[in-house]
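You will see chain A twice below: alongside chain B first, and alongside chain C after that.
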Partner chain A sequence: MMAKSEIELKNFFIFSSSYESKEGEEYNKVLYYYPPTDDINTQVNNVGLVEAIIKFTGNFKPSGPLNSLHTLKKRQLYFEPEPNYWMVITINLPFINKGSNESTVVEYIEEDVHDTIYKAVLKQAYAMYRLFSGTYTSTEREYSITALRNKFEHFYTAYLKTLNLSNCDILNVFSGIHFLPLDKQNFLNVQCFINALECNYPIIEYVSFLFNDSLIWSGIEPDDTQIIYQYLISTLLPANIETELQGGSIPRNPSSPFASLHYGRFITGPTNLKTAHTIGKVPKIFLNNEANPSVYYFIVYRALNATICLFVNGGVDLTVELFKELDAFMGQRLSSIASDIGEYCTRSIIPPSSSDTSPRFIYFNKLNLAYKSTIHLDNRQSGNVSCGKELVQIMADMNSRKESLSFAGETIVKTMNDYWVVGKVSNLREFYVALQHKNASLIDISDEVKKICDTELKGIFFHPM
Partner chain B sequence: MATNIEIEPGAALESALVTTDSYENFEQMSSSLEEIKNSNFIPSTTTDEFLDNCNNLDNDIHLNCSITSTNSKDEEYLQDEEWLSKPKHVFVLSSAGKPIYSRFGNEDRFASYFGIMQALVSFVQADDDSIRSIHAGDTKFVFLFKEPLILVAVSKTGECTLQLTAQLNYVFNQIASTLTLSRLVKIYEQRRNYDLRRLLTGVDRFIDHLLDFSENEPAFTLGAVQCLPLSSSIRDTISAAIIQSCSKIKNVVFGILLAKNQLITLVRMKKYYIHPHDLHLIFNLVQASESFKTVESCWAPICLPRFDSSGFLYGHVSYLAEDCQACLILLTVEGDAFSSLSEAKQRVVERLRRGSCLEAINESLSSREETCMEVGFPEVRHYLYKSKSTAQFYQPHISAPYSSNHKRLMNIYKRAHYKLHCPTRPLKLLFERTPQDAILAWDTRGFELYAVLEPLIETSSAISTVGRLLNWIKKREDKLFHLNAPTF
Partner chain C sequence: MNSSKDPFLELSERPVRFEAVNQVTNVFFDDSNKQVFAVRSGGTMGVVVKGPTEDAPPINFRMEDRGPVISIKFSLDQSILAVQRTKTSVEFMIFNGNIIEGEFSQGCKKNTAILGFVWTQTNEVALITDHGVELYLLIPEKKLVKHLKTTTTVIQWFVWCPTNKIALLASSHGSHLQPVVFKPGTISKLAKVETEPGRMTLERDVTLATLYEIPAILILRHQSGPQTAEVHIHMLNGPGQAPVRSHILRLNLTGRFAINVVDDLILVHHQASKTSQVYDISLSDESDGTVTYHKSVTLPRSLKPTTLPVPGLVEPQSHECELYSPNWVVFQPNIVIDAKLGCLWHIKLCLTTLCSQITDLALCTQLALKRTTGKSVLLQLLLDHILLPKPSLFKLQESFNHINSVYRIWAEAEIQMQTASPVSAPPPSKPPAPPRVLISQSDIYYNILQKLMNNDEHLQNLEWALTCYITSLSEYCIPTELLLNELLIKTLVQRHKFTALMQLLQYGIVADSKPLACLLLSLGNLHPSASQLAMDMLVRLSANEEIQEVLISQGQLLSAFKFSQETATPRKFLQAAENLKDPILFHSMLYCFRSNHQYDNSFLQDERLHSFIKHYRTLFPEKAIGDR
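Now for the complex of A and B:
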């Protein structure tokens, strides 16, 4: 058997179905199209097919929105984030060349691409745009359709480059947040620090606090937290850590031996406060888009492994002085909190066992968006997983069919290579375990999973046990 | 699995049925007819005869249901809540977009809709690809494009795409079974715009029945048939009676005796096997035809697409006797064997009477299968056991809580079957619990077992119960399965 080809992006486009176009001017419907190498005719045809499908399926009054089209070679997913705006992504299915040289048969592997995963990719592509530019409707209303086209061009062309479709997996579906469990003292320190900050600087409306890739506190709404977290973890912080590695994170005022060390610096805003004359690049973001959209400055400050995000009312003028004052206020405090947390973590968090055969799991709670994975070795979607990809695919299978379990249930399966995967669903919590021991029996496996639940998820109730 | 059970109840070295996984490639079709005919030096039928055959078909077995056309507007159905709320629509159209069949409503009244379906298929095809399915909310739109027909299912039943495609394939085979595939292809080669309904008068009813049948019968999901429980000596006597009665007649390919959707025996010509899919079509034919019951015997050309899609077999179809509602089908390649087969049938009935086989069949028909509870498995609500080597399955009588909700049980089985046989990630074992039920599905080399259990059953007791159940089946395998594969 030959190697499997990778999942590839075939195209990605956004069109407006409300845009009345005359014959021959259908092109005006297309608001964004990738790749630009497809000629106008292809673009118009592809949009036309989607519109035909929307109309055809709509007639049968399905219970939910149009979701996907499966063909022999491709998969197309649809998302209508706002009325009449349609986002479409088309993916080439992976394939294997089977058979001998003379008669090779190309076999496309439909089941390797989960609708749920790539729908989540589409939703995230929307949420990320909305975070930085507001809703599509508001852009079109406040500026013009041309402005919307330009913004799409600017944003999505760059965004699509960051997509790594073949490494997308069940974590995209969750798009969860990794929380850091802390002891009381450290958590209160973080709380006091945030409260002090908000009291002293009323222009700071909300604060979020992270340590490494884990969230400790967030004052903004959960769905906003979700997308900000994705942005920080996948884009902003990795880029920043690279510069840190080049320049090093050195204490800024080593001159005074009495002051505790100050490692803080702004990640958005002025990069070097001593020489700064302008406030540098501070992105504006849109929060609370569902209820009451408002604009905030998004200021990110980092000391050691702690990152703090300040959401400042977008109506005020930011000055270099403000940044200097914030730096003076936060620098030492944040550095000392960060080093305390770091110490606590090395003391109390046991690294996951590295043995290949130990059980691996993913946990997700939709209520607080918390996830935990011992399968993924990092949070960067690098495809760096500690068990067979097939097992992660089976988890995605289970996740996509979890409705059939209704509010609670359990699935245990044994694969053809004698690996086991267990999925448990209870209300809005999901738990998946991969066990790579051969020759185990169903009873062994169900006992083993009980043990893992006891040690890893103490007190989290799963029904039926 | 802890209890390693060596025995595989219902297994046999040779099977009369082609053994199958149900999601296999549907394209496979053999061409056995020529072989049989050539080996016996009989000239094959000509094209003219084909047409005659088609006409015979209408006269012999099909009730003409006339299509009453009304003047109502084209798109009326799309506003009709009742029509829209049907859980599963099935449409058949020609590759040129001509309506051929709609499961509900008169297909002429939404002809433009068929146009859209055809357009979707050909648009995707133009990109050197082929459309499989569209998913929207709870509704799946599944397409099957098999030259020269397009089949579409619009389903809210929760069945997976593969299962829906398999159903569409059955519909295709049903059409091919009335016309032969070669003729079907030829018709459209000659006239792309042909209105196939002219040749398919009355076939609607068979497709309707086939769809209901395939939704409700686990046989279709499993790709197997169920046998009427009979002691093996009785079954052997019946097989012998059929063999002896037909011994002098040339080219009888299959002799099939069935009752109540269950197989009593199947005698085959050496070297030839019948595919379960073909057998399902025969079951459907018998079930859906009231006329077989009223007429003493029928002569019908039947194409078995998996056996040979290019030509007809001729079926002598008759119920055994007034006092025994088992149906005997004798399939031959000879178009003029009606009278000799009628005589053979009389001999079969006489032999069966002498051997008191009719009583045995009647007794089995009138007695209900036991429920799991009655035979000492209170934790098991229901199960399906498929012997893979013989393509046969057994199920107990359906009891609470599914007696009134058969569909729910079928859905559990369909779901489990799909998970076990998912093409790229098949599984050996599945144990799933929901608040309502638990299912243990197990695929081994020799058998598949799907046992629906009480939801709160302990895993260990589920396994020991299933072990006991397999032993129970083993003890009764002679009775529950047709283990010999007798030949003419």
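Now for the complex of A and C:
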């Protein structure tokens, strides 16, 4: 078996096409460029080439803006998040060295790189910046182009380090939210707790509630929830759980074993309330960017496995007293809610069957952005998958062609190694199943998928096939 | 609301007026019939009987003066008047409503002295002497008295409870308290009241009352030293009605007290401070396992001042009555008599004011749930709380929990009554008494939630309250009614909180039903998720016909047809296909129906279908599908 090279980032840059530059000053167009090791000429050339391609293809007035450029060794994707700001990512295609030692032929595997997936990576890179700093236009308008450059430098250099292109898959396209399956009573308890919080502290405009990596409630709009969810589970919470595991930081109540336990603490804000004199680091974020951008403090509080995000009106002054009050209000209550939910989860969740041959599926609902995957073993995009990567690739292929199915349809694919991949689209939901079944007929597979739908997605309407 | 100092107890507006005590007039009160007797000159100048209310017509008669009256009482049916003038006998006079028609008398046993007498039945009277209780049957037609039973025991004083027909007999200076219960023709002793050994009790410190349908003995205990007084309550609900000390009221005061009971609330009046405190033994409080120690539910408050109209020279004037006057005598359950003033009042409780002074909503709810007039007060109280700018939602939920707990217990009992039992089983006992305050979902809806619906400013509070209520219902496993589910959806839609609504639906907070699915479908144009969730709901309800209709209305004819292959109506589908102006779809539909034998027959039977064949010919002139 020949080793396949990994998908690699060739470069990533942002440029402004509105910037009228004189000859010799083209580098002014470049707002951000990665890798910094590329010299300025290469940077200017790359940007110039992209701009030329965009302008050239624009002449043909295609139905939409230019999406991507496929070459033998590379793939380039374009995204114009705001007028005249272009984000570009260039990816080295993976390749295999074929043949004997003397006559090696390099074969580039184009089908491993899906436009939809890496376009989604670009969009996410944009959305993450916008969450913390607002739109590109507003940064430039309110500060200056230099400030925008500095912010890009500061933000994207760190961001790109966390990006692992080879683990990107169909989940990036969905960038969905995993909702915790929960019973009515526990959900209502969460709801009442949030209501009481909002009622007591009107400066808290929205609240989101997570348990482990799963969302239970979000008061903000789904597209904002989506990006905050990504940030929490991929960046903020993993970093925090590590410090938790190192121990010591969970305050306990040793004074009385009968007192209700209080495990709560702030993840953003003062870390130790007893000694805090300042409120510590509380990020400000921009929500509702499409319609009416507003700034909020993003306060994250955690007790046991429950995480609560408070979106506080950015216009107020936060004080240590407020944090102390909030801690007193939430600590015990959140701890007890979290332990109730934990108890429910251990009681009701059956561990997924570990057998390799059992069917695996991915479900996504475009309307509430909910996804569920038995293929991915965690929600963190660690590349930890329970079935062959090529099956997930097929799903991504199906996903990129789903437009042809209109509101409902089904695609069934059989692989060379007796795997079947079934993609269903219905009522704005997508459902992909991978199963291994030797000597099966289409009817067998269809029945099997029907069975999985009945057990896993009970009470959901699927168009009859 | 600034009613925190308003009095919550008041005297009845129209007291029973009687001639005040003076040199010639003596006044007696019979607590069985709640009548006041004003006896002028031993009866020769007339006896006026009034009560139990001012509206009852007074009775006037005269009787011979045979010495000073010690006690005077009508029998329970007002046909015999019993008068005690000596320590050894009681006279009985047959009374026809106007005059005395005949009389006879009964003496007690030799060497005993009568402490008092009580009417135990319509025609039975008990003489309580210092040596025991003698029960007699009266036969007025023959002017005969027949001895029924005698219980021998030393008695120093006694207290009588006419409602429960229980007398508490005291000896050894009240350190020995013996309750006896009277039944027709007989007397039975109950277990004696367990008190601290040797602890003496005065007659005026003992009250017999009924609390929550259970007879109770209330004993006021003055403490020595810095401790304040307490009321010890012995409930007669042990085995064989044995008294059990189960509650202690902490008065936090010392001095003279009087006790009344109104609507099962215990009122303790304190003369020195001229205030009254209220206790409810049904509230949970500090307990040592057998005895619960109760605090007053509010701070002590005075009775509401009251006046009496007095004739003036020019126009009537009013006289301010002295409250907590030394001339007051208190009778059970809620009677206050001022003999000098000639007034008999009933104490009334203003529950609204009382509740407004209890700051804890949950406590207040528990209290109101046990009151006969609690329902409207409680509903108003909840509404007021919800309308606060920052209502305490935790307290609100606690309050709803108390309400739903009562509802759940009642509903379970109801279901048990309705479930068929085997023929051999004993017939069900009488249906359970409904709780004093039963608040259903429609009560909450019409009295609270609906009032918040039409004001945009209240919508936020409405949403909070509704979620609290639904959470509480869920906790008590009471299914939420459609009314509330609809309101929840409408409120969230009005507040443009679609995301929140979708999450609530996702977690099954709103129970599936066809009307709700239709409501969601109608919201589909506001938010696409609504129609998706509506379709899911219809699937769970197996409402195939509705799903078919929805799919047709969305132009998804093929899906609709696949969904209901057996029951499709060709006309409906063809009409929809024609309206969609999609010739290929129309072709497919028509072809599908014509190639199926079952459906093809309907083309022969239903002439209306012919128009579609004509339409087909205009679309595809070269084809000839309709011709056979």
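Observations
FYI, the second predicted complex is superposed on the first by the 457 of 465 C-alpha atoms of A that agree within 3 Å, B and C clash if a C-alpha of one lies under 4 Å from a C-alpha of the other, contacts with A are read in each partner's own complex, and residues count from 1 in each chain.
Keep this in mind: contacts are C-beta pairs under 8 Å (C-beta built on N, C-alpha and C of every residue); 3 or more make two chains touch, one makes a residue touch a chain.
Given the structure is predicted, the values throughout are model-derived calculations rather than measurements.
Taken together through their common chain A, the two structures put chain B and chain C side by side without a clash.
The vertex angle at chain A, taken between the C-alpha centres of chain B and chain C once both structures are aligned on chain A, is 130 degrees to the nearest 10. In the superposed pair of complexes, A:Ala408 makes contact with chain B and with chain C alike. In the superposition on chain A, contact is made by A:Gln185 with chain C only, not with chain B. Residue contacts after overlaying the shared chain place A:Asn59 against chain B, while chain C stays out of touching range. In the superposition on chain A, A:Gln393 makes contact with chain B only, not with chain C. Counted by residues of chain A touched, the larger count belongs to B, out of chain B and chain C. In the superposition on chain A, A:Leu442 contacts chain B only, with no contact to chain C.
Contacts of A:Ile145 after superposition: neither chain B nor chain C is touched.
In the superposition on chain A, contact of A:Glu221 is made with chain C only, not with chain B. Following the chain A superposition, chain B and chain C show a smallest Cα-Cα distance of 7 angstrom. In the superposition on the C-alpha atoms of chain A, the part of chain A touched by chain B in one complex and by chain C in the other spans residues 407-408, 463-464. Across the complex, chain B meets chain A through its residues 1-2, 78, 84, 89, 113, 116-117, 119-120, 123-124, 128-139, 141, 154, 156, 158, 161, 415, 419, 422-436, 455-456, 459-460, 462-463. For chain A in complex with chain C, the residues that touch the partner chain are 179, 182, 184-185, 187-189, 191-192, 195-196, 199-200, 202, 217-222, 225, 365, 367-368, 370, 407-408, 427-429, 459-461, 463-465.
Of all residues in chain C, only 390-394, 397, 463-464, 467-468, 470-471, 474-475, 499-500, 502-504, 506-509, 528-529, 532, 535-536, 538-540, 547, 556, 559, 562-563 touch chain A in the complex they form. The touching residues of chain A, counted against chain B in their complex, run 45, 49, 52-53, 55-74, 109-112, 115, 390, 393-394, 397, 401, 404-416, 418, 441-443, 446, 463-464.
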